[in-house]
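The following pair of complexes shares a single chain, chain A, combined with chain B in the former and chain C in the latter.
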Partner chain A sequence: MRSDGFLKSLVSFVENGSFREEDYTLSPAQKDALDTDIPENRWLLSVQHSEKPVSARLINWFSHKGVEVFNNLYRIASVFICVTLIGILLSVVSFLPSFGSAENPAVNEVVERYVSKAIQETGTTNAVAGMISAYRGFDTLGEAHVLFVAACSVIVLLRVDPSERKRGRRLNPDRVGGDMDYEPNSDLILRKTAKLLVPLAFIFGLYVILNGTSSPGGGFSGGAIMGAGLILHSVAFGFKRTERFFGDEMYHVIKTACLTVYALLMAYFIYMGANGWDDHVWLGNPGGIISGGLILPINIAVGFEVACTMYCFYALFRKGGL
Partner chain B sequence: MPAFLQHLFTNYYETAAIILFGIGFTTLLMHRNLIKKIIGFNFMDSGLYLFLAAKGYIAGRLAPIITDGNADPSKYVNPIPTGLVLTGIVVSVSVTAFLLALTCRLYDRFHTLDLDEITHLVRKERD
Partner chain C sequence: MTLFEGILLAFLIICAISVSVTRNLLASIIIFMGFSLIMSVLWLTLEAPDLAITEAAVGAGVTSLLFFATLKKIHAIKAEDAKREEDDSDEE
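So, the complex of A and B:
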């Protein structure tokens, strides 16, 4: 129904612009009755046979209806683009090698090398950890930097000056009833649960980080668990209590130190030829906690950095600073 | 059943991943609300992870964690896509945080999340 009305108005605008003929059209009798001494009437007579130029009418039409037309065209175009994209991708999927087959081109000699040499060359029983931190360590170093840069840019965008924050200025002063107004909260169920879960989250995060070389996990996942523990602590007990052991300075020190340690370890590895840990470092005991040579310290560094970044995101969005 | 469709059903993980990607892309284009656009973006990410994980799977094989000292590569799935998913997750978390921060700033400035209204207000301010 809406498109019907829209089409009608479109046609009428193209025909007439904003010039409505019925306002100015005179019957022959009226024409004769007009007094031609008055300039307005002379103009009215001259208008009887003239039209606005097409360009003027087009501009007029666009300024009135342009946004609506654009929105409709945009909708049609976006549906068209989405359907086309999905169609193209699905047709590509129909040409892919079949799911779960061992003959896929993705399963090549690179994979064989990563799995069969993982224990000798990297000292890890978890081939994924060996691949991420040793064979493709440079890639993972870049990943850690992506996280660092994201944290920096969020700080630039959202940080409120601490002295102003103490005086009660928030990110958005007009927002009343934001959740900082309920700080610190005194939710008994939340506090009791947090008392139980926060230590568990920290211990489990550390476990995942330390066992990253011999079981699923590693720096990123363990760090995310520890970050969740930190966030839970500050949700339940308030920022003041979290700041006692994890404040602004602490955050900056941990984040920078971890990234520096990681970069230095990677730099050492690349400087030595980037060709297997086994020539330069003691690999440890594959399957145990001390294994994987440099992978264990790298995992610890990454884990703490990720935990800090997760909490940093949360604190910045919630109160504009750590 | 035509071969085209049959293959889509064989590769059902990839098909689902593409559909998820399409849903995300449609959300990204069709919604004016910035938060919904970011949600659409995350949908696209999830589709990508599913696709990568599906490409690495080999039927009947184990996760690439060598438990009994038997490092026979024909026993384990492909570890590379797993690593790529990790990269993808980290980048997606970073980009999402950045986008949300930008959205926060836009909301503080214009008190709306509607992209059209923001554009309108910006144009009004410029004139």
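So, the complex of A and C:
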């Protein structure tokens, strides 16, 4: 019978998140038994005394203090784990070879080949560009496709259909899906600054892309700069002004064209390389703009694709369409 | 490691901690922007200028912009503004 009551109190604990008072106080019958002190009923008293501390009182304590104790333990454990992890990582770092030393395991015949043969084999004075776009071109092709797939999934998730937007406006003029209706009315300072900075960003991005074979940079960096310039333009002057030269159609044409060109060039590289043939590409003069053979068109394609993806992310987040 | 790099690294750690500690979402995004900027200067000192360019454009620029757009979309910025107005009116 007591265990039954205990079960009930457990159920009520689960349902209400706390104990009712009658679960661990004496019922009237038990009180009567205690008051009258009938010898036959003494077991009730003993049961009450022996069971209340063990089960009810324990659960009572746990339901009141347990959460607090758990939170304190949780904090102590988290600090302990963090400190231990920091200690382990720092001690591992002290075993690492020093930065840039000649005995590093990373300095092997692969690096030697890149450094000594990059100019003859790829025609780039910037060995990093030669490595990314020529030696490991297949890797970079995969990265470009990752960008493409990411942009596609963002479009699938966030795009607001134009017809839906119109219907939403008719039904509920105040609230429509994207920010399309809230044209950013930016202030004068932002507009004037953007007027100066946007052309600079575009020119600098183009320079980084075109000069990627002979100076630090390349498709990804230059594309990111151009994308940032596009975003700045649309922040400062509104979506409508940006749409005049970079709309939905423009985006799709540039993006697919760039990716196709890139994939075709890489396919040519891979086909010739796999058959052991010489890919009759004029490498240009190292150090100039036209150098690196196929790396320059690859850089241009990657740059424009990255710029498109950057702006696409921003536009979809802001207004649900390009 | 030069003194300059040491100062930058110290700032980096301070930024990283304060991003997670700051309660104001807008402020933590701006601190995160500062983190990316310091990181891009550090890339320069590590002689990786192409990474520095990308970090400055993507980390400090576009990522923070996307965070701002998301905050605006979930009305986190507006809510904070309203709260501030409430606080101001309470003080009056």
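Just so we're on the same page, the second predicted complex is superposed on the first by the 200 of 322 C-alpha atoms of A that agree within 3 Å, B and C clash if a C-alpha of one lies under 4 Å from a C-alpha of the other, contacts with A are read in each partner's own complex, and residues count from 1 in each chain.
The rule is short, and it goes like this: a contact is a pair of C-beta atoms (placed from the backbone, for glycine too) under 8 Å apart; a residue touches a chain by one contact, two chains touch by 3 or more.
Remember, it's a predicted structure, so these values are computed and weren't measured experimentally.
Engineer: Of the partners chain B and chain C, which touch A:F245 in the superposed model: first, second, both, neither?
Structural biologist: A:F245 contacts neither chain B nor chain C.
Engineer: Should A:V128 be classified as contacting the first partner (chain B), the second (chain C), both, or neither?
Structural biologist: both
Engineer: So, A:Y271: does it touch chain B (first), chain C (second), both, or neither?
Structural biologist: So A:Y271 meets neither chain B nor chain C here.
Engineer: Does the superposition put A:P216 against chain B (first), chain C (second), both, or neither?
Structural biologist: In the superposition, A:P216 contacts both chain B and chain C.
Engineer: Which of the two, chain B or chain C, is in touch with more residues of chain A?
Structural biologist: The partner that reaches more residues of chain A in the superposed model: B.
Engineer: Name the contact category of A:L89: first (chain B only), second (chain C only), both, or neither.
Structural biologist: A:L89: touches chain B, not chain C.
Engineer: Which partner does A:F317 reach: the first (chain B), the second (chain C), both, or neither?
Structural biologist: Both partners, chain B and chain C.
Engineer: Would you sort A:V110 into first (chain B), second (chain C), both or neither based on which partner it touches?
Structural biologist: Touch status of A:V110: first partner only.
Engineer: Using the superposition on chain A as set up above, list the residues of chain A that contact both chain B and chain C.
Structural biologist: In the superposed arrangement, which is not itself an observed complex, chain A uses residues 99, 128, 216, 220, 313, 317 for both chain B and chain C.
Engineer: Any idea which chain C residues touch chain A in the complex?
Structural biologist: It comes out as residues 46, 48-50, 53-54, 57-58, 61-62, 65-66, 69-70, 72-73.
Engineer: Hey, which residues of chain B end up touching chain A in the complex?
Structural biologist: 3-5, 7-8, 10-15, 18-19, 21-22, 25-26, 29-30, 54-59, 61, 63-67, 69, 71-74, 76, 78-83, 86-87, 89-91, 93-95, 97-98, 100-102, 104-105, 107-108, 111
Engineer: Within their complex, state which residues of chain A touch chain C.
Structural biologist: Checking each residue of chain A against chain C gives 99, 128, 179, 208, 216-218, 220-221, 224-225, 227-228, 231, 235, 310, 313-314, 317-318.
Engineer: Could you pull out which chain A residues touch chain B in their complex?
Structural biologist: My answer: residues 75, 78-79, 81-82, 85-86, 89-91, 93-96, 98-102, 104, 106-107, 110-112, 114-119, 125-128, 131-132, 136, 139-140, 143, 146-147, 149-151, 153-154, 157-158, 171-172, 174, 214-216, 220, 313, 316-317.
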